[in-house]
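Data first, discussion second: the structure below is written as structure tokens.
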Amino acid sequence: MKKLINKVEDVVNDSLAGMGAAHANLLRVDLESQIVVRKNAPVQSKVGILSGGGSGHEPMHGGYVGIGMLDAACPGAIFTSPVPDQMLAATRAVNGQAGVLHIIKNYTGDVLNFEMAAELAELDGIKIESVVTNDDVAVQDSLYTAGRRGVGVTVLLEKIVGGLAETGAPLEQVAALARKVNSHGRSMGMALTACTVPAAGEPTFDLSEDEMEIGIGIHGEPGRRRLKLASAAQITEMLATPIIEDLELKAGEQVLAFVNGMGGTPLIELYIIYDSLNRILTGKNIRIVRNLIGNYITSLEMAGCSITLLRLDDEITRYWDAPVYTPALRWGM
Amino acid sequence: MKKLINKVEDVVNDSLAGMGAAHANLLRVDLESQIVVRKNAPVQSKVGILSGGGSGHEPMHGGYVGIGMLDAACPGAIFTSPVPDQMLAATRAVNGQAGVLHIIKNYTGDVLNFEMAAELAELDGIKIESVVTNDDVAVQDSLYTAGRRGVGVTVLLEKIVGGLAETGAPLEQVAALARKVNSHGRSMGMALTACTVPAAGEPTFDLSEDEMEIGIGIHGEPGRRRLKLASAAQITEMLATPIIEDLELKAGEQVLAFVNGMGGTPLIELYIIYDSLNRILTGKNIRIVRNLIGNYITSLEMAGCSITLLRLDDEITRYWDAPVYTPALRWGM
Amino acid sequence: MTNQDIIRWLDRIADELRANTHYLTQLDSPIGDADHGTNMNRGFSAVHAKFPTMTAMDIATQLKTVGTTLVSTVGGASGPLYGTAFLRAGGAVASKQELTASDIVAMLEAFLGGIIARGKAQVGEKTMVDALTPALHAAKQELDQGASIADITAKAAAAAEEGMKATIPMLATKGRASYLAERSIGHQDPGATSSWIMLRCLAEVCSDR
Amino acid sequence: MTNQDIIRWLDRIADELRANTHYLTQLDSPIGDADHGTNMNRGFSAVHAKFPTMTAMDIATQLKTVGTTLVSTVGGASGPLYGTAFLRAGGAVASKQELTASDIVAMLEAFLGGIIARGKAQVGEKTMVDALTPALHAAKQELDQGASIADITAKAAAAAEEGMKATIPMLATKGRASYLAERSIGHQDPGATSSWIMLRCLAEVCSDR
């Protein structure tokens, strides 16, 4: 295992310490509670926007704390949902008397821990709404299973909902927009290599020189299918087609196209994927009117990418465009 | 070789096409001339800021074309300096009658090709100033050698000088600031893994599980020394110490600290390095008042990092803070 | 079983989970996210650190302390699941100074009940439930036949081991492994394995008495 | 040597560089950036593509066309270096219809002169100059002794090969390899190797005539 780390058990803490030192103008890191909180939190009368999940997906979520996006993030151990104590501490820290929105990616661990945290917060008299993202079309959805994973849409949702919350909108409206964004977005990912959880010390799976995994999540896990390596154009087709079909995107519609790197894939390759995606969508007369390309929701140093498409309407576009100032996303200010 | 590419010979073109499609609001990509040009270029009476070099260092340089930074970039083949024709085409495209600054990283190929381009541009009657960055303390400087490489400072310089140029400052002043920034900055890099040039198809060097290279550049080349893998804190010490000594940084001075990923190292690790760097500098009472952390000048998918320190003064800080809007760096607008 | 036996049980679990950290994490690699061993070890190390204050507690408080400690330190799916399990187990033995055979079976029933209430999994979904359900059945059967605590817990552990092995051919429909669908087949469930470890430790403590 | 021989020479170079692309790139890996073969092949493929228009040109124009083509397509250090070399070589044989032995030596001298003027390297810095300098000396010596074109170019190629091999123990002080300092020792310089290939092709064409 080759990583720029000190002790395996200090990875998350050391990284959070660096983050806190680097972005003291935007946020503070509370190492004891293991939370990242917007500097001036709680913002009175503003809905607090809180997310969290395992670490290893950087910049998600800590990198999205700041103005116009998250008010707090709870980072768990690598690939492990944080615990209710963190979520409760963060909820209290961002409660500006307008309630708190919990943004949860659909994984059993995240859902269960946030569930317990919400129960505890409500005992405190804090109004909580929870939204679970589940945009991964690689996974079959069913009432009888754990359901689809929450992946790329989470990043977009956090930005958009954060934009609305900044206007002082009430909790119900913020939660409704969050649910709409989730229902408007779908994602699918693939891996060229596995990644290594520091505490495990070895790659989560073996993949030979000419193979890839299609339909992966963001936890270094294998995907739905192992296939022979294909060209960027073919891979883009494999990822985009199920998304377009599942979203039932029609000619004339407008989307935000998000090409995300899994952590170890350089930008030069992500632009190649974007080029293919643009050709596919243009061919169907679906218009990309906003885009995001880079490493935004990652799986440690895994090589690979995911594609997310988000159907845009005026409201979603407006809050996507709204100013944001966080370590990882910044515009308009 | 596992990469998200189509044909090996199309890597740069496909990626540029994606970039052009994604950022049409900021720039246009001229695939025939192989240049990336600010959308509204030439800006009349503004010094044109041009840089270029081999591809494989993304987002450098194309990702820095836009408002407040570069007016054009010339991407060469992977790790290969672009040719004078590209530089000349770009120079013409950004000449707003106030002259053009060529920002060149100190590599024989880049220097020679830019030299030829400047000769041709001057025949056209375009005023050219050239600034060569050479900030890599891993390399001994000498009149009788190729000298120090240009690495991380180049990114900072392009931003700062681009900020000044946007004010309409004359070419001599812009070039003088560029030279000052170069003289105020030093860098050093390290690699945990090699990288694979697509056309070569195999890693540029072999490194065993417990080894690292210290003193690398940005072209996938081995470094000055091969050492046993060390902790993030030790590595940071190895990189920062020669920089601090070479810059003769004193207690009370202010710096911009730039922790750069080589392409395959995830952000979580870069923040660990930043944490160590912050401790080292704080220990010497050197104040980090600005920072940049992420993949900004890369070596394809290489795992590793580089540290750059830039001594700040009021002028440099002012133009670092000035608004910038490019695909890869954006603030203040 | 006294409150000192509970400490012995927890101590043994902590030891075994430490020794099996890598093994459990390896089980979690092909069908999960390579953290189950680390998670469980983190949780029971935290429990272990609380022993000084726990020795004087009654059994119910001990078990509830384990529950809240796991909830606060494990994270992931296993934190709330095992956390709720121990909380409910504690609830089932409220104010008991010593656990009889039937108390132990009631404790196991509440333990499993907590996991099902939290995680909504049924038998056959390739989770902890697949180790704990046969274990509970076996324990009940032994109890009905008037067996000793040592025999009850030994049979429960043996049934848990069978149940754990039976997860290998299962197709997962709950937890992370469900994302792999058919590809989850052929791998032993890490959570069923940690459940078996806990029951094995219980049996060992009970046979040592 | 006629303008048709020049085309034959260039054709041979293009063939050899294509065949040796991987080899040259491999030489450029440990002490460079793994692109010399790709660079040279790209340049001479572009030259090759211009043959239809080049066959009717005089020798000087042919060589200058090679120079400008290399400058426009190779990039890196080798583009301006070989580009300038061919431009100067063309200048040295202005208006010649056929090259005599002394014209060929003059062409080689201008070729090396171009590389030195552009790159400022001296003998012993582990570059192309270390193959070309002994080649030029050998050619001059042969010329002074009244040798044939075939012999002159054969001896020049042989000397270039020696010079190329002599770069192995050298410590680089110019080009990318200089960044490695002591670690550049023990590796053959890729540019010296491509220079040898060009001279070998010249000798082959001249011996075939």
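Letters are used for the chains, namely A, B, C and D, taken in the order the chains are written, and counting of residues starts over at 1 for each.
Convention: a contact is a pair of C-beta atoms (placed from the backbone, for glycine too) under 8 Å apart; a residue touches a chain by one contact, two chains touch by 3 or more.
The structure presented is a predicted model; accordingly, all values stated were derived computationally and were not measured.
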Could you tell me the least number of steps, going only between chains that touch, from chain C to chain D? 3
If you take the mean of the Cα atoms for each chain, which one ends up farthest from chain B? C
Intercentroid distance (Cα basis), chain B paired with chain A, Å: 29
Please compute the C-alpha centroid of chain B, do the same for chain D, then give the distance between them in whole Å. 32
Between the Cα centroids of chain A and chain D the separation in whole angstrom comes to 55
Once you've mapped the touching chain pairs, tell me: line, ring, star, complete or other? line
Could you list each pair of chains that touch one another? A-B, A-C, B-D
Touching residues (chain side chain D, partner chain B) in the complex: 22, 25-26, 29-35, 38-39, 42, 71-81, 118-119, 173-176, 178-181, 183
In the complex, chain B touches chain A at residues 1-7, 11-12, 14-19, 21-22, 55-56, 58-59, 63, 192-193, 209, 212, 229, 231-233, 235, 263-276, 278, 288, 291, 293, 295, 298, 300-301, 303-305, 327, 330-333
List the residues on chain A that touch chain C in their complex, please. 54, 76-85, 107-109, 112-113, 115-116, 138-140, 144-146, 149, 197, 199-200, 202, 204-205, 217, 219-222, 224
